[in-house]
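These notes concern the structure reproduced below.
Lettered A, B and C in written order, each chain numbered from 1.
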Amino acid sequence: MSAAVLPSPRAAAALVRAGFRRYASYRAATLAGAVTNTFFGVVKLSILFAAADAAGGAVAGYDRAALSTYTWVAQGMIAVVVLFGGAELAERVRTGDVVIDLGRPVHPVAVWLAEDLGRAGQACLVRFFGPLAFGGLVFGLSVPRQPATVPLFVVSAVLAVVVSFSCRLLVNLVAFWLLDVRGVLSVYMVASNVLSGLIVPIAFFPGWLQGLARATPFPALVQVPVDIAVERVTGTDALLALAGQAAWAVGLLAAAVWTLHRGTRRLVVQGG
Amino acid sequence: MIVELDGLSRHFVVRRPTGRFRREKRVVRAVDGISFTVAAGECVGYIGANGAGKSTTIKMLTGILVPTSGRVRVTGLEPVRQRRELARRIGVVFGQRSQLWWDLPLAESFRLLAAIHRLEPAVARARLDRCVDLLDLAAFLDTPVRQLSLGQRMRGEVTAALLHAPRLLLLDEPTVGLDIVSKEALRAFLTEERRVAGTTILLTTHDLSDIERLSDRVVVVDSGRVVHTGGLAGLAAAAGVDRVLVVDLAEPAPPLEGVPGTRFLSAEAGGLRQHLALTGSAAAAVAAVSARVELRDLTIAEPDIESVVRRLYHRAAATRPAGS
Amino acid sequence: MTVYAALLRAALAGQAGYRASFALELLGSVLVIGLDFVEVYAVLTQVPELEGLGLAEVALVFALASTGFSLADLVIGQTDRVTDHVRRGTFDVLLLRPLSTLGQLAAADVQLRRLGRLGTALAVLVIALSQVEVDWTPARVGLLVLTPLSGAVIFGSLFVAAGAVSFWLLDGREVGNALTYGSGYLAQWPTGVLGPVLGRFFTFVVPAAFTGYLPALALLGRDDPTGLPGWLPWASPLAALAAAAAAALLWRTGIRHYVGAGG
């Protein structure tokens, strides 16, 4: 790890492109995933609309247009921030292939992050815009009133990917200590799904659960970008929300780097 | 008849992308009108090059694949329609696929198969004990299958296929990848099994020694058609491919013509190394040669199945009526 | 039957070798239902009623459907591995045995951690039943016992149908999951929220409404607000039989396609 440095901009761009292309080859799976996310979106939005009608127009401050935007942005984010797990790196740790990553002249976390950003970009094309376009055509979306909303959302979505990457990396790195991480992954999946606001908006929760959710990084994955998209959070509040996401991103990345360092040392000491 | 094939064919439609949107349809005749029979108690070698249609035939015999046309009967049953009934009467070993339980000890797999085939415990016990004894399984009966060597696993697979005393044993490349000792143990066991239980065997293989040691008769296929059936003795002769005795002599000698059981082929290094085609027993030939000259070393080159099949195929192609 | 019991024991013995993360997977499985229930709970704390049902009544719908789904998932959810079996050629081995392919799949790949999910569903069912008012009659008791079983047969049929589809579409697993898990998800809600078109579809084409919502109406003695006939809520066992027949047909056709196409 002595030569561990950040990749040059050119190398980083190449890594992002590689990640993008790698996931571009799973065309059938991508399409099937988009269809699945869309189908669940239809059911979820039907439930939320029924709730809004029962409540006389709006639930917890979300009217029908906001609920639609919430649903389709959240369903689109599932693949972008990988809310349904993935144990690829843990598998590399288990088989020992991780040593190859550690032997590269750039820091492995930087390499993986670049690849993951490429993957997220690829996921955007079909799995984010697909359900969103469907939802917009069939159910209608709330149109942003402020020009700043779109760029703010883009930044927030990128930060969401970094936070998600760091969380998944941490969970996968548990493989250094626990050879089978499937159990940890399934618990992580449940926690992140509820507390990110994917299942229902966090504002629907009773107070204590809202407090619990806001104490974790998970709202940074879905709820924060969504709230910016539906303009529940605007202006200075939006910048503060981005700052919160950025703080989680930096903190979790640092934790992941440190954990990898400890794990590697363990690998070296025990000889794999 | 245990196995009856009459004009059996299997065609696959292969779609190949030829452009961004267009796909080309092509019909592959994997098996193209094969007819042969196997009588009770026979052991028949079913041989051919890769892609000749062997595995497709085996799949149709076991009920895993529906024939496109033609008739197939195995122990009198129609394989696909009477699959479950047939499964009780045949044993199958696929060299590449395991029917054992990966995570369980070998003994546990046998216990399960005995339950699946509803064998009386005493009957299962007796058959298993015999296999354990003859195939030397005792040492690794309690080892999970995934930890067995290939040779150990194949011995387990053969036992698994024979546990329910099938009338027909189908072996698809049973010795592929095995070391000499395991191959030999397996061949000896199968010979013994035939002698005692009278089990009918149909095997595919790439190893000519398997055929020589085990089978009474061979059926050779190429491109989905039968190109030769008959006894073993006829096989090499029909192909015009011989085993070759290569002798290195202590001193150069003139060509070794007229040695009984051989035919002189060629000489190298001024007669120091000579090649003789074997027409009879190798031992007799060696004895006859060493009576005439002093031998330093010798090897016997076996013809491989691929070259036998290739020769036979070219003959078949040459004699096939034009236009077919 | 003893044969399948032996296969089941063997599958469990095989999994015992990987016990390390079983506890956490069980926990994950327990939580997964909790996750779905959070949604019911959160929505029904925001609005007093959905389609005329309050939190306790929707919880009953949720619990009935989830119990049926968890039972089906435990017994036959393994059909989502058909693709793996086909790819690895192990499906041929299943065909070489004198047993039914479906029975072998169910027994050989059983996942005990799915018990966690069933446990949670049953717990929610008990709590929900204690919170709703039911005029108990022998017929209602019978319906309560039959509903999870009918639900299991209905969802089991969906699992089998999804598995059968992957004989044609090797990459069809996700689409199959959309059908099975999607139905499991929407069955936890009053069917009326889906609107007239989807609502009718998931009653009469995919009989998801018969696993939770309709039997809950019968237990509670309510009428369906969308005007379905009054006997329909009692008809779950019939819907289950129809679903099972359709799924069996599809599975047989799938096997025939596999056997016809060659793996």
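Simple rule for what comes next: contacts are C-beta pairs under 8 Å (C-beta built on N, C-alpha and C of every residue); 3 or more make two chains touch, one makes a residue touch a chain.
The structure displayed is predicted, hence computed values, not measured ones.
The chain closest to the protein's centre is C, with centres computed as averages of CA atoms. Greatest centre-to-centre distance from chain C is found for B, with centres as Cα means.
Centroid to centroid, with C-alpha atoms defining each point, chain A and chain C lie 29 Å apart. Taking each chain's centre as the average of its CA atoms, chain B and chain C sit 47 Å apart. Centroids built from CA atoms put chain B at 55 Å from chain A. Chain contacts: chain B has no residue touching two or more partner chains. Chain C makes touch with chain B in their complex at residues 2-3, 6-7, 10, 13-15, 17, 89-90, 92-93, 95-100, 256, 259-260, 262-263.
Of all the residues in chain C, the ones that touch chain A in their complex are 18, 20-25, 27-29, 31-32, 34-36, 38-39, 42-43, 45-51, 171-175, 177-178, 182, 185-186, 189-190, 192-195, 198.
Partner chain C is touched in their complex by these residues of chain A: 28-29, 32-33, 35-36, 39-40, 42-43, 46-51, 54-55, 59-60, 178-187, 189-191, 193-194, 199-200, 204-206, 209.
Every residue of chain B that touches chain C in the complex is listed here, in rising order: 10, 12, 56, 59, 62-66, 80, 83-85, 87-88, 92, 94, 96-99, 101-104, 108, 111-112, 115-118, 144.
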